[in-house]
Amino acid sequence: MRAVVKLGGALFKRDLDTVALRKIAGALSDFATQGNQLVLVAGGGQNARAYIVAARKLGADESTCDLIGIKLTRANAELLRIALGSTAVSKIPTNLSEVSHLAGNGKVVVLGGLQPGQSTNAVAALAAEITKADVLVNATDVEGVYTQDPKKSPKAKLIRSVHVDKLLNWAMAGEVFAGRYELLDPLALKILQRARIPTRFVSLVDPGNIIEALHGKVVGTRVVY
Amino acid sequence: MRAVVKLGGALFKRDLDTVALRKIAGALSDFATQGNQLVLVAGGGQNARAYIVAARKLGADESTCDLIGIKLTRANAELLRIALGSTAVSKIPTNLSEVSHLAGNGKVVVLGGLQPGQSTNAVAALAAEITKADVLVNATDVEGVYTQDPKKSPKAKLIRSVHVDKLLNWAMAGEVFAGRYELLDPLALKILQRARIPTRFVSLVDPGNIIEALHGKVVGTRVVY
Amino acid sequence: MRAVVKLGGALFKRDLDTVALRKIAGALSDFATQGNQLVLVAGGGQNARAYIVAARKLGADESTCDLIGIKLTRANAELLRIALGSTAVSKIPTNLSEVSHLAGNGKVVVLGGLQPGQSTNAVAALAAEITKADVLVNATDVEGVYTQDPKKSPKAKLIRSVHVDKLLNWAMAGEVFAGRYELLDPLALKILQRARIPTRFVSLVDPGNIIEALHGKVVGTRVVY
Amino acid sequence: MRAVVKLGGALFKRDLDTVALRKIAGALSDFATQGNQLVLVAGGGQNARAYIVAARKLGADESTCDLIGIKLTRANAELLRIALGSTAVSKIPTNLSEVSHLAGNGKVVVLGGLQPGQSTNAVAALAAEITKADVLVNATDVEGVYTQDPKKSPKAKLIRSVHVDKLLNWAMAGEVFAGRYELLDPLALKILQRARIPTRFVSLVDPGNIIEALHGKVVGTRVVY
Amino acid sequence: MRAVVKLGGALFKRDLDTVALRKIAGALSDFATQGNQLVLVAGGGQNARAYIVAARKLGADESTCDLIGIKLTRANAELLRIALGSTAVSKIPTNLSEVSHLAGNGKVVVLGGLQPGQSTNAVAALAAEITKADVLVNATDVEGVYTQDPKKSPKAKLIRSVHVDKLLNWAMAGEVFAGRYELLDPLALKILQRARIPTRFVSLVDPGNIIEALHGKVVGTRVVY
Amino acid sequence: MRAVVKLGGALFKRDLDTVALRKIAGALSDFATQGNQLVLVAGGGQNARAYIVAARKLGADESTCDLIGIKLTRANAELLRIALGSTAVSKIPTNLSEVSHLAGNGKVVVLGGLQPGQSTNAVAALAAEITKADVLVNATDVEGVYTQDPKKSPKAKLIRSVHVDKLLNWAMAGEVFAGRYELLDPLALKILQRARIPTRFVSLVDPGNIIEALHGKVVGTRVVY
């Protein structure tokens, strides 16, 4: 089985939580050693955001802010790679061709961002496409896609299954700027739409959810094409 | 003055038209030697499309199709660079940091595509953002943005000025796949939206239009923020 | 067994022929999966020639023409790599050390040109030398080396076996310029001469010929040392 | 005049202080635009330390901890580069040859760490050596070298001038591990010893100190050979 | 078992001794094919020294001298790699991440120097650390560490075991400049100290010594922590 | 004026002659600072030959021998670059595009070999072609092209002017293998033939000859087209 898992920035807290990293790495390492091809994409989180905010205050344009954010996602990827130990490829790819080149070697490939203008969600979608992934799991700090913002409204309900076109319509309401690429990133959704990759949004709080989603269990939100 | 010009794939015909290339290169070279910083982005055109179609027939995923298309846009960029002679930087940048690094040297920088998932329109928008361009001119085979498809409908009228949000809404109707990124590429528009770069869509048939657009003359379609 | 196959530009027609590409890729993929180490070198063909001609018209020197031709041979290599699917290394090497590094991994390595001043025939000879190939098969649109030009003269006879020195003498009559490196490229022949690589020139119209030549069958023209 | 300034990790606080960064960048930018060649080396600071500590907890060896620390020093260098605006080279060099290549172009070169096993103090010393710097200023959060730890002991006195051999003897008492390379880094001191670069340790709290040290004024601690 | 062997410059004589190279390569190749992970670091020797001396005479600073010395150590590494034949990775890594990336592939990795300011002894120590080596063998032209210079004094006695701190104290007496990094290189010792890698200094005259040291036999000088 | 000078391996003796290097560098530096664009190509010489012979004895194929020879020509180039001081670009290009990119910056570009299968004579011819050189001076340890071997026969007469076709005919008699690419290298001559670069063969014993040849004076052997 070939899979891509996007681990949202929420995993990489201001005070880096090595216990959580180790737990997730352990579960994913087990999955990989069962003969599955696995690519992990690390998001940015609070530290990335801190650098992006500082860069913006110092007068950087958004592309340059993206570049500095990418540096931090790669530091996050490095932590993940360390936590995976010898299960992971020791090199962090920096372009899509390398992802494709390294993914065939039987080890977990871990990466962060690639290029300005692409969120790590888009990177995960592209990585899923080029490695012909059977499944893409996008793990964030919420259970999936909700009817409303679950952190603000108690009435918010988890949506079990949603069409990619609907997600795209919602996505277009937002604004694209470094450090706030939303779960509903239009470019990522466009890639999903064209490649029709089976995708689930789940919570990363419990690594068990990610593993279940990888095995096609009903958990979080499923994207329908 | 700092400018980015996107030269659409229409300039790079199946039978490569060196007369047209020389004419456009001459006009842009004059503009650059008047003390203006200029970045040119070459599109794909029919040859790129032929390779992408063949790749797709052979079973390539869309990211890989993008990669092969990028190779052809770089061959197009090379032709443009040759036509510009010693006015142009002899190196074709392959990532955004290089664009920014080379653009400050007083010579024209010419590039093609950068990464899968990004049309050359998006590349032009990112290049404009990171080089802090005063203007982005997007030259295609039509006069600008129309109310209808000008090649199909005689009633189609050129729109003189359009809000970026409107363009984005229209863009979302299309599908993103290699070789058919439209004039209305959502990612490119998102970048324009965040960077508020003064942008005009003009025809590349007459190089004079491009030069006029660079000088802020009323020509083609202007994007409003 | 270790082999290098040069696939002449004739395989990469103006209108890219995916049926022919798939057929050749299938035969070569079978050969490779029987435990043989295989390196493929893609030539230029009509599309490469079109770009080279345009570059020359725009005033490029021959080294720059070579560089643009190399870009197109790499696009051809990419098509071949796609047609081979998972049998092929996903990375296209761009220097000889990489060829040697990748060739030992059990997958087919596909490449195009490497450097100005070297035809893809010379690249194939160098690749054969550095990978210690047991055989080099050079497949073009004719059956092998003839007494006269087989496309012009009906009296032309196929030569079954020819000494490398004779080929070199013939080769020196021609001129070396981008896009017209002949079957009888002096540098390629010099490399064959020094490395004494068992070599056959065969037709690429029937993939069966290539496979027979790989297995040492009597087909096309054999080079004698 | 050719100078190298090492800006200690103290400049890059947990909560990135863009006011301080802007102030230092302004002073150094003025210095550079007076016709001086300037190379800046950014240290790690608290954010680098946080990533290094996390990496170590996850089981990374010290070389890998160094690698992740280097990523963060480069993010710091990027902030500095942004604060300098067009006065700085837009590329952050990643090896010593690049430093030497970029330093001759009339713009400020900014870098972070280069290789595991080398503190950014050693990088600054090497950069000073290879760019034939007239002066190296090492700016930290204390006024210079003291008789005792100035943060712990009120009796600590600033030493105005000290022989490099004495510094080396003191340095050998410490331990070398990622994130705690002290002001008295043995490798850095060895490089100073061999290249006899005029060096001063000053405080980075007041940018005026750095500028005075660059102009050879009596401030902080001077290294004697 | 995971091992790093540093082969001192003495192996790479002015008149390159291919018999000695072949003998050592044979012994190390046998060790590797018994399922051991092996990284070899080639030193400089007389040819490196000749280039460094010439560079210094021509006015080069010590960092540039280091750079030219590194080029020669890489030529030495190439010879070693050739002598190892197909047992060795065909690529010579040029940074520490590559060492770590290549070391896991079941073939011997051979390298020379990496960066100015680091002797090949330091490189060997860093390589041992990042590949989590069980043992580091440092082979030179003497039997190990002596009480006095064994080439000058007949009273010199081999020390069987010595604490790393003692070595460090001795090392600090010397001077660090290109081509004379001693057996007792402070940076290398600092790395050993922090990583506590089981290390032996042995003679490279008899390859048998190196193999015995790899297997933990009592030979040469052992470093104690 | 744009010029390329090939400095033959004879300049890089077994015992590196820094006096000769400094003398030639001084003369060429003067030439360059008079507003001329200059590219220098360093040959191999005895040290390169020693490494190539050792590699061949250890079983390397000729392409690998070329690779090791190229490493040594780059060390030679580095010495030359150091002798030129700040007149030279600090980066040694490793492919032809870089040569072309660096040559336009007003400093002397120094390089060694580029790729297996190409002698440094061919590199010089390609560099002359891609930088549109007005003149190529090929300096060796003899005065030019002779009727017989001037080192063996006292009757040997210097030929003042010779047609490229005649040189090519002579060249084809020789054999191409690493370290013995002769003055009459067929590939180099083919490049000269196609690019019609005004070329002179002169002695490098007296730098004055090289400077005279650069200024078009009658010295050594002139190649006629």
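Letters A, B, C, D, E and F mark the chains as written, and numbering starts fresh at 1 in each.
What we mean here is this: contacts are C-beta pairs under 8 Å (C-beta built on N, C-alpha and C of every residue); 3 or more make two chains touch, one makes a residue touch a chain.
Since this is a predicted model, take the numbers as computed values, not measurements.
Colleague: Among the other chains, which touch chain A and chain B together?
Modeller: Touching chain A and chain B alike, sorted by label: C, D.
Colleague: Figure out the least number of contact steps between chain A and chain F, where 1 means they touch directly.
Modeller: 2
Colleague: Taking each chain's centre as the mean of its CA atoms, which one is most distant from chain D?
Modeller: Most remote chain from chain D, centroid-wise, comes out as C.
Colleague: Averaged over CA atoms, how far is the centre of chain B from the centre of chain D? Could you give it in whole Å?
Modeller: That gives a centre separation of 42 Å.
Colleague: If you average the Cα atoms of chain A and of chain D to get two centres, how far apart are those centres in Å?
Modeller: The separation of the two C-alpha centroids amounts to 35 Å.
Colleague: Could you give the separation in Å between the centres of chain C and chain D, each centre being the mean of its C-alpha atoms?
Modeller: Comparing mean C-alpha positions, chain D is 54 Å from chain C.
Colleague: Quick check on chain B: which residues sit in contact with 2+ other chains?
Modeller: Within chain B, the residues that touch at least two other chains are 64, 67, 97, 100.
Colleague: Following the definition at the start, I'd like every touching pair of chains, please.
Modeller: Those chain pairs which touch are A-B, A-C, A-D, A-E, B-C, B-D, B-F, C-E, C-F, D-E, D-F, E-F.
Colleague: Note which residues of chain E are touching chain C in the complex, please.
Modeller: 86, 89-91
Colleague: Which residues of chain A touch chain C in the complex?
Modeller: 97, 100-101, 104
Colleague: Provide the residue numbers of chain F that touch chain C in the complex, in ascending order.
Modeller: 61-64, 67, 95-97, 100, 114-118, 122, 125-126, 129-130, 132, 168-169, 172, 175-177, 186-187, 190-191, 193-195
Colleague: Inside the complex, what are the residues of chain B that reach chain C?
Modeller: Its residues touching chain C are 15-16, 18, 21-22, 47, 50-51, 53-55, 57-60, 64, 67-68, 71-72, 74-75, 78-79, 82-83, 85.
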